[in-house]
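Some structures to go through are shown next.
Each of the two complexes below includes chain A, the first together with chain B, the second together with chain C.
Coming up: the complex of A and B.
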């Protein structure tokens, strides 16, 4: 009974979804220029957080996701700048590169368990980031790469303009969401969930765990790379500082505060935390402490994240709805 | 490389090994007892360094009193983190790990707001002399950490083998449930492990504060080498961490001297990946069934 009504609420999400989407289509025409740029960052961060969640469902809290985002940015930027690859081709190629790198990093560590794995992924991520820092040619060292080509004019629409690029990144985000949603609901998604719940049981039913972990890491890496491509062709520049451990910490904060149990968690996490991030600009010095503390507190007192809190509230609301007619 | 530079680099490498060992031993001990990895461990080191900065350089305390205070500060922070984060999250290892990542931000802002964000003023060394050895001069302050590392790590190993309390720590590390059945209070043991871990990191930070340029982000720089040492040594193995600290102390110092610091980290990470690909449990780690 209760699970049935829960389901109704989730499918009933379609109406708000359409509302939100039409809202997203209208806002760029009314917002200040700066806020449209901020909105694009939300899209990029949601892709990042959502693709990270896919990897988290296999219980691999690896720490190289942000660096794969960087791999996508560097690859796409360099392909477009040095080889003249069209921007809209370079972005998926950057994603493919990030997926490959993700697989290459995970492969030697597959037999390392638990902490060893997380820490080794952090180490290898630093290795890649330091490579950008170390080799001025071709990566530009600490100043990075500038003058990365803007997107072209297609069918009279100039995608280097703010509003067309807003719709382009919105479209990419929705496409990525749709693909990740389909993956989660597919057989592969079920296998991922089985692995995170009980690896031994999953293995005994014939799920090849190393293969699925590699798969999760490369699919997640691909989308992180796409996010990087979206970023780099808007900024027009890229440097290694964008992808350091601080950014990784913010990714963890979005995902943890939002919750990872359902698809909507990371979206909630990015929406809430990045809004707070933007609002707290006047407090820039102590802002990291607030974010660090909020993550610690959520972990201790709200293990399911904000998403868990909301679904709990909905269940409680429904119980009251069900009880109410009896009372009257 | 001239023989003078060679000797100097070897001395520096030994000092770096001592410092890495002091940091890594605490990290690996805490991991062994709680199965929790503490990403904010480098920030314990940083807090130790700032304690000496505040008390000795600013407050005019004698150097050794300030170092003793750094040890105490480290231990207290270790206890607070155990009580505030690890104990409520007991059993949830992923959350513990991520929570300490959030803690990195907290410590950094705390120190930055208290003592300023930029580079602190250099701390004057209490010992300006240099040790002369075969034509090479090595700053006395730099080698100071070596006897401390030897004594405190040797002492810890002795404590873990010979003392009742130390054996209880090892029992908890091997099998918490069986240890609890023997009447060992697990909460007290994890608190003890975190206090030791914090104290050792505080000691290392205090001793090295006059050599390093200390900034609030120092912890973030030191944590990666420390984690590499712990993983390569085998998580939870004190002997392994010490061995790996010596290996990476030499690798990092020599590569830094011959090429540069960035390359040193890159080489260390590569060595780590190779070791893990061959021996996933690290050099002296136990295989977890």
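Coming up: the complex of A and C.
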């Protein structure tokens, strides 16, 4: 009986997904140009937040994720501009570089724990960002790099146009979501969570914790780098300001407000908080205060994030449903 | 041939010798009891053998020549020496089945790239099947979907053993498996330990419940103040003057066991 009701909810879960996807496919044809650009940023931010959550499941709230996003952007942009690498090849290469850098940063920090780890990750990330800032050659210093190549025309579709690039970034986002969802549902994904729940127990069952931490941060880093590539070939330019501590704070806000317990948390977090961000453009002066406050309020009153609130509501509904047929 | 040999093993915490020159030789296929008053160093012995702590000095040899002292916990588990915890160590927010699935790490063959590309389904299914087998073997089949944190204490302890069994150990270290159990739960756990032993697994068991230790173990080693006090078959240990003295003024375990 319980398997019956489970099945029903699985189908119930698929229907809204199809609805959202069809909506996403139609939306660019009806939105103003500016809003299509904004929509692409949602995709990029969802990739960022979701890949960060993978790392958070191992309990490594590192503070270099946004800089890896930058590593992806710089690498992909420079490969395309300086070496003529095709854009669609440069983007995954930027991801690979970000994954490697993530691993290189984490490796020496594996012995540090808690606050030491967080602060050290921030320090190393700043070091990378300052390198971009200080070295005009090859990184362009504070003004960054401009004239980064646009994506090419493939099969008659010009991917430097807004709508084709919208679908390209939508496709990349969905692909990344699919891969991360597979990890989430796999035994390896559970091993990550096991490590954060009880590292001593996990190690006693043969789980190599340093290896898993490196795995999570390099996979997460890879996807952050891919997000950076998506960004840079839409902007046509890159500079260090894009990857400063403010962006890191926004990432933390998305993830904390959305919640990290389930896969859907970061998606909810980006959807809600970035919408508020866009709506509050007229209040730009006080916006950072508002966002900081929202994170603090969620931490205090909604430790599970918005996602926790929603899943509580769903559980309540399911309970009501499950009880009903028994009584009749 | 001994499967596990401990030689001159010491472990200091600051000035305190939690283990002091301990020698043990565990034969393949035996159930060895490790007893001693609280603070005697029993858990520390398990922690050192299982790689949680590095020994201050001494050697631990496994299957003849292989030195395992100083290796990491995960390496040692990978070689077949697996321990349970005195505390109730579980993944509280996982279901019973998932607790065991995760513990199949060493024997589940999928890797991250196969997972990402969706090719790991078959191996994962196989792994889940095997985990299910273990869950049923441990008498937890009817609770497989229950969250670990919602189980009664006795079943939580059984799940702790199931997690260790899932690693397919050759040597299993049980740290107070009967702690806090009702008499019925104890009887069930004793049966389970017997069943596990019948699978050919060598067992080292720390336990305060003397009746059960006497019943299960063929040979008993007694620790006191980090030192090996005496060893022998249960009947000898029960009446040993030194053992009785060691327990004197701490707990009245030996007499409690005869009345129980």
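Here, the second predicted complex is superposed on the first by the 306 of 328 C-alpha atoms of A that agree within 3 Å, B and C clash if a C-alpha of one lies under 4 Å from a C-alpha of the other, contacts with A are read in each partner's own complex, and residues count from 1 in each chain.
The definition used in the following text is that a residue touches a chain if its C-beta (ideal position, glycine included) is under 8 Å from a C-beta of that chain, and two chains touch if they have at least 3 such contacts.
Since the model is a prediction, treat every value here as computed from it, not as a measurement.
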| request: Put chain B and chain C onto chain A via the superposition and say whether they clash or fit. | output: fit
| said: In the combined three-chain superposition, what is the angle centred on chain A between chain B and chain C, taking C-alpha centres, to the nearest 10 degrees? | reply: 80
| Once the shared chain is lined up, is A:204 touching chain B (first), chain C (second), both, or neither of them? | second
| message | Going by the contact rule stated at the top, is it chain B or chain C that touches a larger number of residues on chain A? | response | B
| task | Check whether A:215 is in contact with chain B, with chain C, with both or with neither, and answer first, second, both or neither. | result | second
| task | Scan A:299 for contacts with chain B and chain C and give back first, second, both or neither. | result | first
| query | What is the contact status of A:183 with respect to chain B (first) and chain C (second): first, second, both, or neither? | reply | second
| Touching A:61, do we find chain B (first), chain C (second), both, or neither? | first
| request: Classify the contacts of A:137 with the two partner chains as first (chain B alone), second (chain C alone), both, or neither. | output: neither
| note | For chain B against chain C after superposition, the smallest C-alpha distance in Å amounts to 10
| message | Residue numbers of chain A touching chain C in their complex, please. | response | 179, 182-183, 186-191, 193-194, 197-198, 200-209, 215, 219
| message | Quick check: in the complex, which residue numbers of chain B touch chain A? | response | 31, 35, 37, 85, 88-89, 92-95, 97-99, 101-106, 108-110, 112-113, 117, 220, 224, 227-228, 230-231, 235, 262-263, 265-266, 268-270, 272-273, 276-277, 280-282, 285, 288
| In the complex of these two chains, what residues of chain C are touching chain A? | 50-52, 72-75, 77-78, 82-83, 85, 89-94, 98, 101-106, 108, 110-112, 115-118, 120, 124, 127, 163-164, 166-167
| Sites on chain A touched by chain B in the complex | 59, 61, 108-109, 111-116, 118-120, 122-124, 126-127, 130-131, 133-134, 245, 249, 252-253, 256, 285-286, 288-289, 291-296, 299-300, 303
